[in-house]
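One structure, as structure tokens, below. Some questions next.
In order of appearance the chains are A, B, C, D and E, and numbering begins at 1 in each one.
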Amino acid sequence: MTMAERSDMPLIEVENLGVRLNTSRGPAQAVRGLSFSLKRGETLGLVGESGCGKSVTAMSLMGLLPDSAVVSGSIKLDGHELAGLPDAEYCRLRGNRISMIFQEPMTALNPMHTIGDQVAEPLRRHKTYSAAQARRETIALLDRVGLPDPARRVDAYPHQFSGGQRQRITIAMALACEPDLLIADEPTTALDVTIQGQILDLIADLVEERGMSMILISHDLGVIAENVQRMMVMYGGAVVESGPTDEVFRRMGHPYTQGLFRARPKLGARKGTRLQTISGTVPELADLPAGCTFSDRCPLVIDACRAALPPMVEVGPRHGVRCIRTDVSMAERVGALTA
Amino acid sequence: MSVFVLRRLVTLLATLVGASLIIFLVLDALPGNAAQMLMGADASPDAVRALTIKLGLDQPLAVRYLQWIKGLLSGDLGNSYVYGTPVASLIGERLLLTVPLAIMAMAITVTLALSAGIYTAANHNKLGDVGVMSLTQIGIALPNFWFAILLVLLFSVRLQWLSAGGFAGWEDGIWLGFKSLLLPAISLAVVQAAILARVTRSAVLEVLREDFVRTARAKGLGRREVLWSHVLRNAMIPVMTVMGLQFANLLAGTIVIENVFYLPGLGRLIFQSIANRDLIVVRNCVMLLATMVVIVNFVVDVLYAFIDPRIKVHDL
Amino acid sequence: QSKKDSVVMGMTLEPPGLDPTNAAAAAIAEVTLYNIYETLTKINEDGSVSPLLAESWTASPDLKTYTFKLRKGVKFHNGEPFDSGAVKFSFERNAAATSTNKDRSLFQAFEKVETPDADTVVITLKYSEPNLPFLLGQASGSIVEPKSAATNVTQPVGTGPYQLGAWAKGSSITLNKWADYRNASAIKLSKVTIRFISDPAAQAAALLSNDVDAFPRIATRVVAQFKSDPRFTVLIGGSRAKTIVAINHRKKPLDDVRVRRAILAAIDRKALIDGAVEGFGTPIGSFYTPGSLGYVDTTGVNPYDPEKAKKLLSEAGVTAPLELSLKLPPPPYARQGGEIVAAQLAKVGIVAKIENVEWAQWLSQVFAGNGPHNFDLTIVSHVEPFDLVKITEPDYYLGYNNEKFNALYKQIVSTPEEAARAKLLGDAQRMLATDAVSAYLFQPQWPTVINKKLKGVWKEVPQFENDFSAWAWE
Amino acid sequence: MSAPMTIDAPLATRPLPARTFWRRALRHRSFVLGGALSLLVLASALLSLVWTPWSPYEIDIASKLRPPSAAHWLGTDSFGRDIVSLLLAGARSTIMVGIIAVSIGLTFGVTLGLIASARRGWTEEIIMRFSDFTFAFPAVLSAIMLAAVAGPGMVTSIIAIGIFQIPTLTRLTRGSANAIWAREFVLAARAAGKGRFRITIEHVLPNILSILIVQVTIQFALAILAEAALSYLGLGTQPPQPSWGRMLNDAQSLLFQSPMLAVYPGAAIAVAVLGLNLLGDGLRDLLDPRLARER
Amino acid sequence: MTAAPLLDVKDLEQRYALPRESLFRPPGQVRALNGVSVQVAAGKSLGVVGESGSGKSTFARLVMALERPTSGQVALLGRDLNRIPADELRRARRDFQMVFQDPYGSLDPRQTIARIVAEPLTVLEGVDRSTFRDRVAAALRQVGLRDADMEKYPHEFSGGQRQRIAIARALITQPKLIVADEPVSALDVSVQAQVLNLMQDLQEQFGLSYILISHDLAVVDYLCDEVAVMYLGRIVEQGRPEDLFEHCAHPYTRALLEAVPRARAGGTRRRRGGQAIASQSAATAGCPYVARCPLAEQHCREALPALRKVGEGHLAACHRAEAVMALPRVAMEG
């Protein structure tokens, strides 16, 4: 396989991924029919409200779902099937070729170990570095992610760092072995805007420099808009809209995407204006409505919506929307934009 | 010196002063006295009176209390009424048994409990977990003195590997002393280990649910590696709390096992001394126990700070 | 295999110190008597008295003056010679005002102790005492050496064949053979270790696991299994002890002889002996043991008869249920016996409320001469031989205080001829039985379990003692 | 289908939390097993009040140490009493000691723990040192001292065991109460103007209740074992009142002769303790909000 | 201007002692608030924004009289909350209530909604049971919940509904001021919108005042008449939102605005330099923001800038406020 062939081949290819979880209310389909592929150097965003299955998707790529979870479909990394891979082999990939930045910087680090040890762990494991070598590399990594005075602080413990600093440390950890695929699960939700900015800068730099592929998960449309090339909007475990970021923001096709966009308070939208809300509440995974998962809350719902899960409709270049009423919704969208 | 330590020391002293008063008064309320006990049933009343005066038991309460405290402060614990020997050496001899026994029992407890606890947590809800946990259920339910006799039946009477009781002392070699404490240590440990194993298991399971475990897994660590390198130390805090309580209990609460194995431990000394109304021994023993338990608790608190970098000694 | 010359013996209680002349505990005598300390006379297995430190003795006809000829060439462990001075010192020390000797009254009854020469001692008593040679063979009569006497509690010095080796308090005492003993070659065992084991199951386990070679006065509960075990010999010996249900005459309605008789009639001695001491006991009807001078069987005076007991109670005008307290000291005979007594009394309408007490409490509340005598019933074993005298003491815990009995006792002690004395003793026994002074239960038998190969261990034990000088391995 | 019903239906028809609790409880294996065993012990105790095959008090030396037979299902003890009757009646003392001792421990331990966590500072320090000090007296030691003063017996042993329970419960209460005090709803209650006392009673206590319930089952088990140990030393329940500990003590010396005599009360204690432990485990699961989030 | 303000905060300072490490050295201190003065007129709302750890929550706690300030005073309707006796304070609490950040943590999971919502009433007055229920029902209706919800428990509600319950609890005494500490930051976008709408409706209906604490500038902008930007325990800029966001006069405010991601097509990212976070315990002579400020001069390092007027009703604590205002506007969304 030549270099050119390799870079053309998708790095990660997900086909019809489904995840069934055992919840306290019985089994629930947390992810359904999710497909995408990602080449080297590409970035993909995953948006959606809390509980829509973003993290579960990430976990299934990492092979870290609970034992009781049932995964269907296929996940291929460089053409090799990952679904059903034995744990020992998966361990060789995790932290090495695929790595992940977790949602909560406050709890993602082990409070009892020095940050140096924690960052060095993947190096020592996958690259079998010696302790001294790993330490040197760790300091370099911490310096790279902008942790001040890393040589002195490698031996400090997580609680001695601020939230932003901790998030940088988890990033250093995820990047230690220069993975091919980085999954960043809401890396900035817990942080305030100034620190959020710094972290996103940092990740973007690294993606550019090293040609990694990245999946960025967030429920903040602004973060997605600024940081990824392509995006997918999830609702109730299914992708309801996907496409290049610019394209999606220009012409939002799914009522849910539109609702999400409208509901956010916008800077400069003065007092007295009302926010447009999506009526109803996010359904429980265990009792999703039949058909389109959004049908219960959709202003455009018709009986056909409840009949079956709508197919993905192509509404623009590589832009798909899982809605049978795009004719109406996308017409209305024009009005919404000007509001 | 840290303010915390100072504060702890002050309260510790206050506790001990209060303790000494309570101990003294409670013991003084015991009916009967040492002179009567020493003289036996057929002694004449004036012989008993003579001994009472000789032992100084006729002095007023406050005088005796102050004498005791004065003695404590100057390191002189006085002489046992019964044995006539210095109380300090009497207690010292017993400590040579009680402390090693407590340590041995604790070592066995910790070994058993941690391995069982970790094993079951790692195999949560699997057959091994259920099996070992059922065993610990039974372990908790065993009265330890009863279990002790069963051990004796097996190892001393049937197999004759170990002696049925008694303490060989440390003079004739560590091994002999060790051997004679083995069965008592096991019978003390089994029940405790069952409790500690359960605590360990739930602590480990609790930590396994934490986010950083997932982080470690995401770095490519296998389940077992995560358990050993990340989970255990975090699970140690609740485990240590229980361990501290158990160790304190071993120092003070082994009378029953000492009885079964006729060991000259602190517990039996107290038991016998109360029966003999050798109150000077009892007071000092109980005082020592109180001090030791308070110190063990203190040590456990300091150990927390060693295990968990987030805790500094001063914010305990 | 070299011949074994050491023995491990088990004992239930640990002695509180090793000076038998200043404390009463039987355990002191069990360790020291005839082993560390010697007395002028020796009480043998059959209760006879033979010479020990005294080679011979003579008594005046009125039994008030005794002359002892002492053995020559005897030395104390510390090298000091034994002579009449040591005897005089020991006896006067026991009689001193500050003495805590349990038999102080005996020594205070000595009018004088004279030492005409180094090996003659002449004792003059205030009253006639036929049993003096026997009494001086007890541990309280141990001869001590003047200079070391004060420290005997922890560093005993005597003239016996053994010296204290080590004392691990709470655990064991080791006695080593004294090489300079006058008859050292006859002593077979060079080392005796005494272990203190109070738990019955542990006593049995220690024997079964060969940790212990001999266990005198082992808990009766565990004896049965050794009888059938070929590795062990079980020796059953009599004793001079009397186990009784003491009745407090100072309390109503216990001052009524009919009520006391009812209590006696309610008790089935046979069942009690079976239940409380596994049958190791001989029923007695009075405060006197079989085998002693002038013993008569009085068990028929108040036989087991519940119906009669009920009748007696109603005659006495007692309304059932009669509630009484039953205080039980720690030994198994009392605790187990108490349960049976209570159950038997219940059948005739007496509710005995069991209160378990420690010895210290028992002594101060029940027994102490000046004490409150706060009890209705109690179970206790009186181990002192020849202690009828106690019943005559006015503040004795029983509160019997019968002038007729006291007079009879005076007559007994002032009667030198044995036959006449025996007859009078018989009268005394009958008087105690008829008056139902206490509920006399049994004379305990003391079982000793030893390794089959161990020889020379006494079967009969007239007092608390273990004479190691006679012990040897086969 | 059920949605419109729940909106307009009167409050009473909504399944009460209690009922759903029992529904889940009955499906929980260790809860059911533990509950059954505990009920068995309780039933024996109650049954013995009205009926036992033989009198547990009557002594019949002639028929002592009989092997099991049709008349005596498990044989007789060293006094010829029927073992089954003794076991049934013994359950009574066991339960009594357990309940009263644990109540003592709960009352004092929880109160002290709540005070410590409500007041913090020196109060907390003093209470905790005091509890350390109390812990230096294992039940056996306090029982010996108490028995020496007041005489041995059930009351003495109950008090001694109760005292021994205090420090454990104090620690536990204080620890979990401190966690509750750090919660935001406590701040909300303060903002509403509630004082420490009201917050403790209305918010802290209800929220640590489930932890306490679980601990109580453990303490109960410990109390039973402590009673057995005390009886072994002759300090527990006094004759003629039967108790498992006393039976065990009695059997101990006959262990080589009639080993089964020690097995029965040992097994009875094991069953009771086991039952309570399983019950506690079950309760913990059932009260765990992570598992109980069922609407 | 003329009427007495509803809330008058003067020179509020709060220091927290760090745990004492040595007997002989004084314990370290965290200066959580460094002299904050602010007034809120009846019916008007104040938004407080700022970085994490800048003292926003401390400010809220002090306004709520949940803690005593080190110095300074908080006066509500002319009464100094820290001077009045305890029971009067308790009665005064009917006028100011609080809504917390965490809709899950701020409701006691073991109490029914009725009890939770009635909580402020039970303390304040001896209302009888039936009026109790009526008032709870009324409060629930105001926030869009049903009477039937009264007997339910918090876990039976979604996050948005829970925050409504918390608001109902704050409303039940008909207060004049509600302090809301990050009331929506734990909520989903769609739910957040519902809650914000509700808060706005309630303000119109009852003439409430809010003190709204948030780190989301858009939220504050949406709901408040005035905004205070806090940095390290100080107010560094204050004014009407339109003035503040369109002509910001403090470099920190500007940094905040620039950092807000824009949800729109072709959004490209603007790079920001790495910034250190200054220490809170060391009191420096100069401007606390100087280390991060791109416009800092020597003067800034030497003198602490005071809050000064830079426009009509617009204050800023920056020596170079004019220079900052002269910078090009930060692009707004929409």
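What we mean here is this: a residue touches a chain if its C-beta (ideal position, glycine included) is under 8 Å from a C-beta of that chain, and two chains touch if they have at least 3 such contacts.
Because the structure is predicted, anything quoted here is derived from the model rather than measured.
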Averaging each chain's C-alpha atoms to get its centre, pick out the one most distant from chain A.
C
For the interfaces B-C and A-B, which has the higher count of C-beta pairs in contact?
B-C
Can you check how far apart chain C and chain E are, centre to centre, with Cα atoms defining each centre and the answer in Å?
90
Taking each chain's centre as its mean C-alpha position, how far apart are chain B and chain D in Å?
23
Centroid of chain B to centroid of chain E, CA atoms only: how many Å?
54
Would you mind pulling out the distance in Å between where the CA atoms of chain C average out and where those of chain D do?
47
Two or more other chains are touched by the chain B residues 30-31, 149, 153, 157, 259, 274
Taking each residue of chain E in turn, which ones touch at least two of the other chains?
none
Give me the residues of chain C that touch two or more other chains.
199, 201, 205, 208, 330, 358, 360-361
Touching chain C in the complex, chain B uses residues 30-33, 36-48, 50-51, 54, 82-85, 90, 93-94, 149, 152-153, 156-157, 160, 163-167, 169, 259-265, 268-269, 272, 274-277
Contact set on chain D toward chain E in their complex
6-8, 11, 14, 17, 183-185, 187-194, 198, 202-203, 206-207, 209, 289, 293, 295
If you look only at chain D, which of its residues touch chain B in the complex?
125-126, 129-130, 132-133, 135-141, 144-145, 148-149, 168, 171, 221, 225, 228-229, 232-233, 245, 248, 252, 255-256, 262, 266, 269-274, 277-278
So in the complex, the part of chain B that touches chain D is made up of which residues?
7, 11-12, 14-15, 18-19, 26-27, 29-31, 137-138, 140-146, 149, 153, 157, 191, 241, 245, 248-249, 252-253, 255-256, 259, 267, 270-271, 274, 286, 289-290, 292-294, 297
If you look only at chain A, which of its residues touch chain E in the complex?
49-50, 146, 148, 162-163, 191-198, 200-201, 204, 219-227, 245-247, 249-250, 259-261, 263-278, 281-282
